[in-house]
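Shared between the two complexes below is subunit A, which pairs with subunit B and subunit C, respectively.
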Partner chain A sequence: MIIGNYHHKMAAHCESGSITSLLNHAGMKITEPMVFGISSGIFFAYFHKMKSFAFPTFIVRNKPGQMRKNLEKRTGVKFYSKDFKTPEAGQTALDLLISKGVPTAVQVDMFYLDYVPSWERVHINVHFLVVIGKEGDVYKVSDSYFPNPVDLPVSSMNKARFAQGSMSPKGFIFYPEFVPRSFDYEKAIRRGIKKACFYMLNLPIPFLGIKGIRMFAKKINDWPSLARDTEHLSHEVMKINILLEDQGTGGAGFRFMYATFLQQASEIIGNPGLKDMARELMEIGDGWRELSLFAARIGKNRDLGPEKFRQLSTLLYGRADKEEEFFKRLSKTIK
Partner chain B sequence: MKEKDGFSECPEQQVILYVEKEDGKYEAMQTGSFISANYLDDYFFKRNNLEKNLQSKIEKAEINAIEYYLVLEDLTVSELAARAGIMKWVVRKHLKPGNFSKIRDDAMKKYSNVFNVPVEEIIKRQSGNRK
Partner chain C sequence: MNQVPTEELRTEIKNLIMETLGITGIRPEDIDNGKPLFSGENVLTLDSVDALEIIMAIQRKYNLRIADQNLARQVIGSINSIADFLVSEQEKKL
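On to the complex of A and B.
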């Protein structure tokens, strides 16, 4: 059975894309940037040493699951969500929802998704997709990263939903069970922006927010000593580009999508100041993109001497300074 | 970013970027992945070298097939232990090159599930029977 009226649409990011698609299907007109902005999706965190990561890495969005929770608090949408102890229970619940015509988002480890090309397959337990049908032993899946719906065998789906390890999905599912006819956009936008500014500026933890960008700028000089060899270092440096541009961010580590949110918010709540902030963030994003292209280039050329890492570090410090100034002014603009 | 600057030709991997359109509005644009369009050959070059290098280490008994997949799939010992449901110290023991043959069938099956590679293939990898 395929849920016939479900409209598959590509999105920049899997979680905001899945949420947007489900809300649109339930009759709520909202864009992906608006979902991302209201739920304070923009963020930065640098992880130099973590038990679950084989090499230092960073994230450019808030914690997985937080978008959904923040959106509930700020718009009045209610999501049904549940996780499961066994694959059997998880499959039964999912199949029942599909048979009732309820498109359902599931959390998965991307590594087990057969339709994902080999070079994109990584063990990451926080990928979201929407299941929109099932025929025999195959699910029909709407994955925001693909232009068309795709097929996924039940066995692979169960593996992906019940992968263990850090942030294991535990078969997690969600779908909107209540969508308000309207909500106070201005209040939701203001709360979303204020919280994002707080996260970026005020968290007293050295690897989070602007402090995290500065820590990244400092610690990246240590990367050569952590790599197995030059090709490994090249791979990790080029991953900076992937994490900022490719891994579902809408470009420049979500900065372009957040700028789009600010532009849309400016029109909705009639605050021209936000439009100026949107333009400024687009320019800051251009700087992030310049940095990620630089990383890809030096990685490909194996031009990975200390001087290049100092340049990367300088570019990162530059982004930190710009974003600190930006978020301080953004929080004043919204007061 | 202007719309024209975001365009990349890569039918194999499409992405959504938010860009500035000609009328000044910021909107979504579907395009090819920049890094896949320009650097995918380099990714496969490095991947092949890594596979060869790890295989050669197996042959020299410096590592075993479990570590081969651990490195290839970018996992840590902690993460592999958590994913396989095997104590970390036991995984460490299994990673010692000489201990491969002592790994019990149930543990091997758990590794096989995590790596998404059949047990037979892991064993072949260890014995160097692969083409």
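On to the complex of A and C.
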């Protein structure tokens, strides 16, 4: 069976896209940028030396799951979520929900999704998609990165849901079990923005927020000494582009999506200042995109001398300065 | 979309791609308008870095922004899809 009235839509990011799509299905009118903005999705953190990562890396959004938690606090939505010990238990629960007509988001390792072209399949354990039906041994899936719903055999779905490794999905599922008839949009938007500004400006930890961008700018000069060889260094440098542009960020490390949120928020709460801030963030996003392209270019050409890392560092310091200024003014705009 | 992309626009796009990526030895007419640019089926074999270069070149030349990479992926699928996108963007501005 396929859940008949489910409306598949593409989205910029898998988690915010799945949440938006499920909320829309449950009757809540909300856009993906609004989900992202209200839940203070925008963020930055740089991890130079951490056990979980073999090489320094960074993130440009809050951690998986945080969006749902923040959204619950600010809109009154309640999500049911659960993980499972075995594929059998996970499949039984999912099949039961589908048979009851409940579209359900699942966390998967992207590598096992047969409908993803083989050259795009990589092990990413925190991809989200919505299961919207099942016919025989095949699930009907709404994956927000694809223009139409796709099919996935049960065996592949089970592998994807119970993949091992860092941040393994453990069969995790979620769906909204309560959606309020209405909520105070203005209050939710203000709280979302204030918290995002706090995360970016005031967290007293040197690798988080703007401080994290500056740490990245400083430490990137050490990258050549941490890599095994040129191939490894090239791969890691090109990952900057992937993390900013290719992993469902909506472009420029979520900065474009947050700008769209500010634009929509400006109209909803009648604050024209937010529209100006949106325009400014789009320009900041263009700078991230330039940086991303620079990294991709030097990585691809193996042009990885110290001067190139100094240039990357300068570009990163530039983003940090711009974002610091931006979030300080955003914080005043929303007061 | 009411307007249809012209052959001139398609040639302009091909020239822009070749200039941006420094491609020589291929004539614009050698590039198939409908075949994908990234799968090896066309005379050009491009990769994801080339894709970003092309997106940014299109943004600069036509003064627009393709923010969402899912949209970007669809837009730069082929010469025809780029041309269709540019025509629809022009119509939006009218």
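Everything that follows uses one rule, which is that the second predicted complex is superposed on the first by the 333 of 335 C-alpha atoms of A that agree within 3 Å, B and C clash if a C-alpha of one lies under 4 Å from a C-alpha of the other, contacts with A are read in each partner's own complex, and residues count from 1 in each chain.
Heads up, the rule we're going with is that contacts are C-beta pairs under 8 Å (C-beta built on N, C-alpha and C of every residue); 3 or more make two chains touch, one makes a residue touch a chain.
Everything numeric here is computed off the predicted structure, so don't read it as measured data.
J.: Following the overlay on subunit A, give me a clash-or-fit verdict for subunit B and subunit C.
T.: On the shared subunit A, the partners clash.
J.: By the touch definition at the top of the document, which applies to A:191: first (subunit B), second (subunit C), both, or neither?
T.: A:191 sits against neither subunit B nor subunit C.
J.: Tell me the contact category for A:25 with respect to subunit B and subunit C: first, second, both or neither.
T.: neither
J.: Taking the superposition on A as described, I'd like to know which of subunit B and subunit C A:8 touches: first, second, both or neither.
T.: Neither: A:8 stays clear of subunit B and subunit C.
J.: One more residue to check, A:278. First (subunit B), second (subunit C), both or neither?
T.: After superposing on A, A:278 lies in contact with subunit B but is clear of subunit C.
J.: I'd like to know which partner A:251 touches here: subunit B for first, subunit C for second, both or neither.
T.: A:251: touches subunit B and subunit C.
J.: Who touches more of subunit A, subunit B or subunit C?
T.: B
J.: Between subunit B (first) and subunit C (second), which, if any, makes contact with A:211: first, second, both or neither?
T.: neither
J.: Look at A:165 in the shared chain and tell me whether it touches subunit B only, subunit C only, both, or neither; answer first, second, both or neither.
T.: In the superposition, A:165 contacts subunit B only.
J.: Under the stated touch criterion, which partner chain does A:61 make contact with: subunit B (first), subunit C (second), both, or neither?
T.: neither
J.: Check subunit A for residues that touch subunit B in one structure and subunit C in the other, and list them.
T.: Comparing the two interfaces on subunit A, one with subunit B and one with subunit C, the shared residues are 10-12, 144-145, 147, 238, 241, 245-246, 248, 250-252, 256-257, 260, 282, 285-286, 289, 293, 296, 299-300.
J.: For the complex, give me every residue of subunit C touching subunit A.
T.: It comes out as residues 47-49, 52-53, 56, 65-70, 72, 74.
J.: List the residues on subunit B that touch subunit A in their complex, please.
T.: Checking each residue of subunit B against subunit A gives 1, 6, 12-20, 25-28, 30, 33-36, 38-40, 42-44, 46-47, 49-50, 71, 73-76, 78-79, 82-85, 113-114, 116.
J.: Please output the residues of subunit A touching subunit B within their complex, sorted ascending.
T.: 10-12, 32-33, 51-55, 111-112, 117, 119-120, 122-123, 144-147, 159, 163-166, 168, 231-232, 234-235, 238, 241-242, 245-246, 248, 250-252, 256-257, 259-260, 263, 278, 282, 285-286, 289, 293, 296, 299-300
J.: Sort out for me which residues of subunit A touch subunit C in the complex.
T.: So the residues of subunit A in touch with subunit C come to 10-12, 144-145, 147, 238, 241, 245-246, 248-252, 256-257, 260, 282, 285-286, 289-290, 292-293, 296-297, 299-300.
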